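What follows is chain A paired twice: with chain B in the first complex and chain C in the second.
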Partner chain A sequence: MAEKKSLWQALAGIDRRIVYLTLLVVLVVPLILSLGLSVKPMKDVSQRVRQVFEQVDSLQYSGMPLMISVDFDPASKGELQPMLYALLRHAAARNVPVLVLGLWPNGVGLAKTALEDVGREYGRQNGVDWVFLGYKAGIDAVILGMGENIARVFPSDAMGSRLDQHPLMQRVRRLADVGFVVSLSAGTPGYLDWLLYAQSRYRVRMATGTTAVQAADAYPYVGTGQLRGIVAGMKGAAEYEILNQQAGFRQASTPAIDAMDAQSFAQFAIVLLVVIGNVGFFVAGRRRK
Partner chain B sequence: MQLSSSLWVWVGAILTFGIFSFLLKDNPFYKFCEHLFVGVSLGYTMTIVTWSTLWPDLFKRLFASPTSEVSIGAKLLLLVPLALGILYFFAFVPKVSWLMRIPMSFVLGWSAGVIIPSIIQTSVLTQAQYTVLKPGWMLQDLPRQMGEAWNHLAHVKGFNSVSDALLSFLWAIGPPTVFIGAVAAVIYFFFSREQKGLLKPVSGTGIIFLMVGFGASFGYTVMARMSLLIDRLQFLLRDWLGVIR
Partner chain C sequence: MQRSVPLTICLVMGIVMMVQFFSPHPFSRGLLETVNTWVRLISGFALALGAGSLILHHTTKIRRKQPGWGYSIVTLSALAATAAIGWAAGPTMMDNKQLLINVIYSNIQVPLGASMFSILAFYIASASYRAFRARNKEATILLLAAFLVMLGTVPLGKVVWDGFPKWSRYLLEIPNLAAKRGIIFGVALGTIATSLKIILGIERGWLGGGK
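And now, the complex of A and B:
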């Protein structure tokens, strides 16, 4: 006959299906009720996100373009796509031209959709306000090549039009003509490749928007100033959306802000489950002795 | 509630449930979704790579461009990467599979030459410079930062003042802490001498820093995974069921 479990043993070994169900409830309920809890305490946006916002903002005075490298695929869409939209809307609202490319082949479709959506929202024109370079295989060779001549690496844009036909590209020949680079990075290739080849060799000013998993690895480069700010995970994306809101920019949707209630509840539930599991484990262990 | 009328949203929703069904246990529906995902990803990647790189940069220039556009010399030069690329396929012919080593050695040589100096510059020298020099610069600024922290505390108006004070304090002690943490963590991995005497407390401090680092990474990882789940739930609740805006 199976030995009956004590309460502490049960707490130490909660069935994983109960954990999944708990998480489902704590995520779905705030999404449906839209409590708006998390936005209020975030009025003090973290300094690192504000740095990125200010760098993009400053491009309106220099007239230099913002380059966004879409270094993610649909698996990281939940975290990085809101950042892409927030950056594109910020650039559009400030009339900053944008160059978009991708080091991940599977991110090309996501980048194109975002460019077209924001282009429609703000009436932005392909070739004048933005150019979509698309994907090119080669990573280090691509970045190094753009340091010398962008048109040599991308003779045509993602739609097949020759790059020299775009008015925007008349004044953008190489990476030195780009005002600021943001790598939206979900792994390798990503922000580190931009640091290694663009920042280190051509002194390009850059920042990154990373998945939360990568954030801890990227922070040391922010401390040294190699990265001029970081937008980390969904919380970072929500903070960027808040900065856009505070600046009065039009935003058709704010997916990261909308998700932060559920995020907060989920984090709380995880902490609670970790505490419960550990208390059960230690008390049950002590009683056994 | 307004159920979606789009076929592709329904396909997305059904495949999402197929993947989530693994949470209960492994099953054929999950296996089907998994294989479909891998196949579609690979097909998409191959198409993008072919039409964005292989065709315009190699095959088109080599076979479809007139010599007025791409000179004979340039075309001959393009035969080199084409030949190197073909050599990769000899991996499937056991007798001559060694030929694959030629393009591999080319790629490894190029990568090592390009990456090693960049990594030393970016991830070693600059990081070491910051770790060693910044605490000194920051210590000069320490009295001002502490004064700022005290000002926030002296005019406490609720949670924000306390958090501002804490931030100023952490900002002030950040770089010296990085220095202590870096030295202690490196000493923890110093195995050439038994860790006793002075080495013991320093390596113990290193463990604390490492644990704090792992904790921060774990916290971020939880946030990342939850974000991806939230994205899927938003898709189901908004795009498929239409219960949220």
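And now, the complex of A and C:
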């Protein structure tokens, strides 16, 4: 007959199905109840997100467009899609023209949906207020090519219209004509390719929105001034939505703010589980001795 | 001949593009544009290579009735169906032409991709619980640092203790940054050395053949 486990041994070896269930509950309950506990502590927005917001904001004076590179796919949609919406809404509210492209073929569908949604919300016009370049194979060659001539890399936009037919593209010939670039990056290719080829070669001003797990890798480039800010993970997206709210911009939804309670509770639950596991492990080990 | 031609192209293009980087002359810029066009064209062929490799791998699996060969039929059928629909729809993303592709993308690819990544959260939670044990000094430091960063990066951490975000910021901006900078410099130097070895023909692994 199997030996009966002590309480401490049980704590050190909780069945993984219980761990999964715990996580499921702490993720789903806050999403259903919409507690809104995270909104107040986030009012104090981090400097890095504020920097990105201010850079986009400043484009309203120069009239130069914002370029957003959608360098993610549906797997990272949860973290990066809210950033895309927040950036597009900010640009629309400030009447800043936007160019959108993607270095990941699977991400352009997400970009198209976001552009159409925000376009409807703000009455933005294709070709005048935004141009959707789509995807082109070649990664670094695409960025370098746009540094010289955007229309040579993208002779037509994602909808098939010739680029020179769009009024916006009459004043945007190359990357130097773009005011600010934001790469929403979930890996490679991503912000690093933009840094290497657009920022270092063509001195393009840029920032990145990354998944939380990637953010630590991007920090050194903020210190050097190569990145003018980072929007990191879901929290970064939520902070951007808060900045949009504080500026009084119309927002159909705030998916990142709504998800922050779930993320907070999930991280607390993981920390608690690790503490419980360690307590059980050490007490059970000491008793065995 | 099979090896000397690619090695010569690599040597010449490597040196030419290195020099090109430092020259703002119109001829140099024109050369960059031409080379970029070629690179984009060749990148397009990589897609065909990838599709070919995928088909070869899965047909072999089906032919040999290897474990999980049924999934290979699903993969190949999905590939054939999506490619056929995409081919018929054409290259643009116009809604009226891309209805079926949009349906596949929005209702199959997006939910599947998001679900696969979401499952990771559950694995990470389970793995953290089982593997994160403060067995020695180093593991204890790692554990404490992880706690501080995890609790400092969520809004409710600040509600519990004001120090969580401060410590989290300190850890990310001082020790993490120092280590990352060291790694970046190391990687950059390694990349330069490897690039030079490839350009000069010392490193020939990229040619394939295993010799």
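The working rule: the second predicted complex is superposed on the first by the 289 of 289 C-alpha atoms of A that agree within 3 Å, B and C clash if a C-alpha of one lies under 4 Å from a C-alpha of the other, contacts with A are read in each partner's own complex, and residues count from 1 in each chain.
Simple rule for what comes next: a contact is a pair of C-beta atoms (placed from the backbone, for glycine too) under 8 Å apart; a residue touches a chain by one contact, two chains touch by 3 or more.
It should be emphasised that the depicted structure is a prediction, and the values quoted were computed from it without experimental measurement.
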Greater chain A contact set [chain C / chain B]: C
First (chain B), second (chain C), both or neither touched by A:R152: second
Partner chain(s) touched by A:Q226 [first = chain B, second = chain C, both, neither]: first
Chain B versus chain C as contact partner of A:V25, first or second or both or neither: neither
Which of chain B and chain C A:F281 touches, first, second, both or neither: second
Which superposed partner A:S34 touches (first chain B, second chain C, both, neither): first
First (chain B), second (chain C), both or neither touched by A:A252: neither
First (chain B), second (chain C), both or neither touched by A:A176: neither
Which superposed partner A:Q199 touches (first chain B, second chain C, both, neither): first
Chain B versus chain C as contact partner of A:A10, first or second or both or neither: neither
On chain A, positions contacted by chain B and by chain C: 16, 20, 23, 27, 73, 75-78, 106, 108, 134, 136-138, 140, 144, 156, 158, 201, 212, 215-216, 220, 223, 233, 235, 263, 266-267, 270
Residues of chain B that touch chain A when the two form their complex: 23-24, 41, 44-45, 48-49, 52-53, 56, 111, 114-115, 118-119, 121-122, 126-127, 129-130, 134, 160, 163-164, 174-175, 178, 213, 216-217, 220-224, 226-234, 237, 243-244
Touch list for chain A against partner chain C, complex: 14, 16, 19-20, 22-24, 27, 37-39, 41-42, 73-78, 106, 108-110, 112-113, 132, 134, 136-142, 144-145, 148-149, 152-153, 156, 158-160, 201, 212, 215-217, 219-220, 223, 233, 235, 238, 260-261, 263-271, 273-274, 276-278, 281-282
Of chain C, residues touching chain A in the complex: 21, 29, 32-33, 35-37, 39-40, 43-44, 46-47, 90-94, 102, 105-106, 109-114, 116-118, 121-122, 124-126, 128-130, 132-134, 143, 147, 150-151, 153-159, 172-173, 176-177, 180-181, 184
Contact footprint of chain B on chain A as seen in their complex: 16-17, 20, 23, 27-28, 31-32, 34, 44, 73, 75-79, 105-106, 108, 134-138, 140, 144, 155-156, 158, 195-197, 199-201, 211-213, 215-216, 220-221, 223-224, 226, 232-235, 255, 258-259, 262-263, 266-267, 270
